[in-house]
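Next come two complexes built around chain A: one with chain B, the other with chain C.
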Partner chain A sequence: MSEIAKTVAPPLPTAAEKLRFYGIWATSLLLLLLLPNIFSSGAALTTFCLIGISIIFSLSYNILLGQTGMLSFGHAVYYGLGGFLVIHAINIIGANKLPIPLPVIPLIGGLTGLSFAALLGWVSTKRSGTAFAMISLGVAELIASSALILRTFFGGEAGISANRTRLFKLLDLSFGPQIQIYYLVAAWTLIAVLAMYALTRTPLGRVCNAVRDNPERVQFVGYNPHVVRYLAFCFSGFFAGIAGALAAINFEIANSAYLGAQQSGTVLFATYIGGIGFFVGPILGAIFVTILSLGLSDLTQVWQLYFGLIFISVVLFAPGGITGVLMMHRPLLKAGTLQKVLPSYLIALVPTLAMIAGLVLAIETIVHYTVNPGDDSHIKAFGIGFDAASPFVWAISVILPIGGYLVARKTWTWVADAWGEATSLAENKGVAS
Partner chain B sequence: MTPAIELWGIRKSFGDIAILRDVSFSVAQDERHALIGPNGAGKSTTFNLISGYMKPTSGSVLLHGEVISGLPPYQINRRGLSRSFQVTNVFPNMSVWENLRCAVLWSTGQRYAFWKNIDNLPEVRERTAQILSDINLSGRRDVTAGLLTYAEQRALEIGITVAGGADVILLDEPTAGMSRAETEHAVALIRRLSEGRTLLIVEHDMSVVFGLADRISVMVYGQIVASGTPEEIRGNAKVREAYLGEEAA
Partner chain C sequence: MLELIVISTLNGILFGMLLFLMASGLTVIFSMLGVLNFAHASFYMLGAFFGFQISRWFGFWPALLIAPLLAGAIGAAVERFGLRPVHRNGHVAELLFTFGLAFAIEEVVQIIWGKSPVDFRIPPSLDFPAFTIFSTNYPAYKMFMLVVSIAIFVTLLVALKKTRIGLIVQAALTHPHMVAHLGHNVGRIFMMVFGAGTALAAIAGVIAGPALVTQSNMAGLLGPILFVVVVVGGLGSLPGAFAASLLIGLVQTFAVSMNGSLAGAFGPLTPAYASTWLADIWGVTIAQIAPIIPYVLLVLILIFRPMGLLGTRET
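Take a look at the complex of A and B:
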């Protein structure tokens, strides 16, 4: 290496940094191995499987949205087709007693996603932006409606099912019990996450970022942005297919919901809420949204409404998502000025929570009178019972949101002030934001 | 010797409006050539036609004797022609280092590689570091390009343009909006980086033009009215009337 590269280029990672890097992956591996020992209930294992699938799916989506700047409304197509093909594959392999064990089956889903992305992507990736978004929506509608029409392949409303335990058994694993499926999903999640992380650190991965930032300029440094977008789309389809395959293996069924707009919307939610600007964003988003959708649906009837409200709040107030908010604090943490903002957070939390509680009360009361007016007015939401007919509840559901907002607004300016002070202190200490 | 760039009877119209009307000129190998003219003369359009950003209505553009008009920008770039933009056109959310590295990738043969670790490519690293120090932004290596000062962004713009090692460089008003000191800095940089390459530059600052160019072409209302050495251009009556006179008035 010449002098110039030594002095000017970013330093190559030191041994300690390398160790830390491999440490993170080793810790993840260990965590995945130990998780079932800590939470061993069937429900917990199912939740973990869903989270793993969602992580792969969201990260695959972020190859498009966060890395290459393509907003897709139809990513579930590649997830769903991966799932359908895998169900068919399991049935064929089982019927013919082919020596293919279940653990390699997700690869079939991946290749399905890849093939369809390669087939459908060339036209849609010609342009990014609105044209790409519209075409993705059109393709999604096309495939989702064919799923209901082409009954022999997609099985109509009921979908198609398979028995995963009837495949060739490797090491005597039947993959009947959920714990075995957990380890299968965990292994594939780790592999897929690693592969997608590696992809960001390749020439193609970096050129994807350049295409996201400025597709016009990319052409003048020798790259065809169409090819870059197309390759990103193919990779994205491949990993989405793996996610769909794991879902199909987990549920032993594939139906039209796999391909639908709801599925495409959920992955957009999860990715965006987690944060599209960082690699870990979609992982956090997948965990958050999976747990939330499982948890909220038990707590309230209109959980999708809250889901939408959360999404809108993130888009409006934290466009960087959960990861963006966390990462904002990194320079403060480094400079040691974090304690300047924490008290203001605590103070702001009280009226903000009061406001949210009031809003929830108002929403649940309105839902009672509009959706099920004939029912008993003693309703339960988020585990708390109250009487929706009581004027006292009505009063609270008006006073809390308004009063809470008025007080909270004051405390938010305190947060902003404390934040400004802490950042300028950090900057003075020479920590770049 | 074949000229680096040749334009033959180039016409460009947008609807009924003719922007370029029969433009022909050539830039010799290793020459520093300035294209000057009043606003709206069609200088930037000429750049857009040479670099493939637009296609001429008629006529042809040749690079090293081969016709390139009609090719997409990336193919023209791969043949060794690179351009900068009048309005800064960098990758705003990427660091200075990543900006330059992306501009180096194709010319080092990485193409669309997804099986190589980008931090493990010594040639890419070497050349990126070289360009970074050439444009004097070593101290700003990890700064997001969108957060650079205007002059720094202009320097990065030039860096991205030359990073791929193209032997024909087109610079569109590289010193526009710069202070006196910044301009001098930029001219020194351009002089250094264009050493041994062909340079075609659009510039309004006459001291820059006359200080830098071996030859000058003057464009007025979509036509080349004169081409020659700086001395010839200074002495040309038509140029004085059409352009330099206007400037002096």
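Take a look at the complex of A and C:
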């Protein structure tokens, strides 16, 4: 080992650190294997598949947003194109009886995403920031509108379908039942997550972070930020393609909605709500948003509005996302001063929840009168029935949000005070925040 | 042929001026706050729906005045209570905030007015043909739209270049700290300009509502085109936005009225492979590809002139 490396390189990981690192991955593997035994219903399996696909997609998006600092409004293009190519590939392979089994098919999607990212990326990544965001939006609209024109390839509004069971069979796996698809998705999710984690540890991953934080300085060091952004874009396209391929295999259909603005918006929501600052953020976000979008749609008619409001509140109040908020507490937990904050949280929680409940009540009442005014006024939202016509409900839905807001504002300043106290105590104990 | 050219030119200029009504607000907000307001087209939609509702209650003319004021007030509130707190988290957070806002506004509009188009009619006092060229009646309402947008354009130009308020706004764009030292409330100027920009978009919405379709997806359809205008014209350049608005307005209107296709152009010379796997590209008419022309233009501009038509620097 050279003299410089001795002083600059970080110390080799200790046995405990290694154990923890491999322990996390081994636990994930075990969890993925055991999940279908715990929740074995068809609906649960489908949900797990969707979550797995969403995890790969969100993590691939975070290569752009979180790690390289590029806000894309058109990431679904690479997801969708991967899906379409895979459907065509399955049809061609099935028709010609080529010896290619289903488990390797997602690679085709990944390579598709990679080639389109390589093709479109060079122009898009010339600049970052707002310009990149607008360009990604324009390119996405271009591809999505073209998809409706090129009917032979994209199948117009209806999309194109395939039969995944007619492929070359490896080990007698037909991939007809959902449980086999679950294991396929789970395996690919684990591989993709591992690969994307490894990517963040490579020199390229580090230079990506540097480009995000200070492109000018990166240029002085001798790297071209444009090339770095382009490489990150290609990797991101590759993994998005894999996610799209898995989605296409799962649904056995690909349509123009795969490429659309809605899909790009969803992945942005999932990644940002989960938190773009940490590697696990998009994973949590993908799980949260998938479950939320499946669960909320059963509970209320206007779930998309709540979805948008949740996103806006995260942007306004918790820009670090779920993981950002959780990680904020780590230094306090380490220093053992967390209990100083908890009581103020409990106090602040009451008026905040009251405010949210009042808002939900107000929204549901308004929805009742605007969307279905002729119906019975005894409506149900989030499993709770109430009478939208009673003046009592109206009064509550006005008083709770306003009163809750006024009280909550006061209590959150207490939280801030307690927080400051706990942090300074933690700092005194020598735990860096 | 001449008839087509005259009518398409008129329609194209009209569409271009409407685009500019929105793009001007968007550009000024961008040069001021450094953030592209993703929800700008949503304020256009709000303008159209407010206009529809108010014209039902009080008639079209009060709507033309009240709806933009209402949307402008909402815009100012959004700047004051939404964007300003987010500002310290950086431009990405601001852009994301407006993105979420656009999403939420579309949902709210769907809840209140439904998903299908509303019946927003041209006011009877303007419902007559203005003139007839080559046996085609040109509606007076379209002339009215043209006059209103040009009048606002001129007023804006004069207000920005000749009045004291315009001078302060211009100064606040480039030297906000200096303006603040001179005793002006820069925060309030920003709020006012944001409100004015969204009100302009709402005016476009009120006057375009009866002529086009007033529907909850109108923001989603127009928003991306608006960004194309701003990027093609050059981010932050007002003259560029003007040129790009007219360019895209004209190009799209002409494209819609043309029926040519590669198959039509080559006729019997069509090669055999063109009718099989190239059939889509070969048979598609210019009118059919009209929706993607702005985006093609965007990509071309980015390759050959990344700063935009009249932009000065690469952002």
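Structural remarks
Convention: the second predicted complex is superposed on the first by the 423 of 433 C-alpha atoms of A that agree within 3 Å, B and C clash if a C-alpha of one lies under 4 Å from a C-alpha of the other, contacts with A are read in each partner's own complex, and residues count from 1 in each chain.
Operating definition for what follows: contacts are C-beta pairs under 8 Å (C-beta built on N, C-alpha and C of every residue); 3 or more make two chains touch, one makes a residue touch a chain.
Fair warning: this is a prediction, and the values are worked out from it, not measured in the lab.
By the document's definition of touching, of the two partners only chain C reaches A:305; chain B does not.
In the superposed model, A:130 makes contact with chain C only, not with chain B.
Within the superposed three-chain model, A:261 lies in touch with chain C and out of touch with chain B [touch as defined at top]. Contacts of A:157 after superposition: neither chain B nor chain C is touched. The intersection of chain A residues touching chain B with those touching chain C, taken from the two complexes, is empty.
Partner chain A is touched in their complex by these residues of chain C: 30, 34-36, 82, 85-86, 89, 91-93, 95-97, 99-101, 103-104, 107-108, 111-112, 114, 220, 224, 227-228, 230-231, 235, 277, 279-281, 284, 288-289, 291-292, 295-296, 298-299, 302-303, 306, 314-315. Touching chain C in their complex are the following residues of chain A: 65, 69, 71, 73, 123-124, 126-127, 129-131, 133-135, 137-139, 141-142, 145-146, 149-153, 261, 265, 268, 272, 302, 304-305, 307-309, 311-312, 315-316, 319, 366-367, 370-371.
Remark: chain B residues 51-52, 72-74, 77-78, 82-83, 85, 89-94, 97-98, 101-103, 105-107, 110-119, 121-122, 125-126, 128-130, 132-133, 138, 141-143, 160-161, 163-164 touch chain A in the complex.
Within the complex formed with chain B, the residues of chain A that make contact are 1-2, 4-5, 7-10, 12-13, 198-199, 201-207, 209-210, 212-214, 216-224, 227-228, 231, 235, 432.
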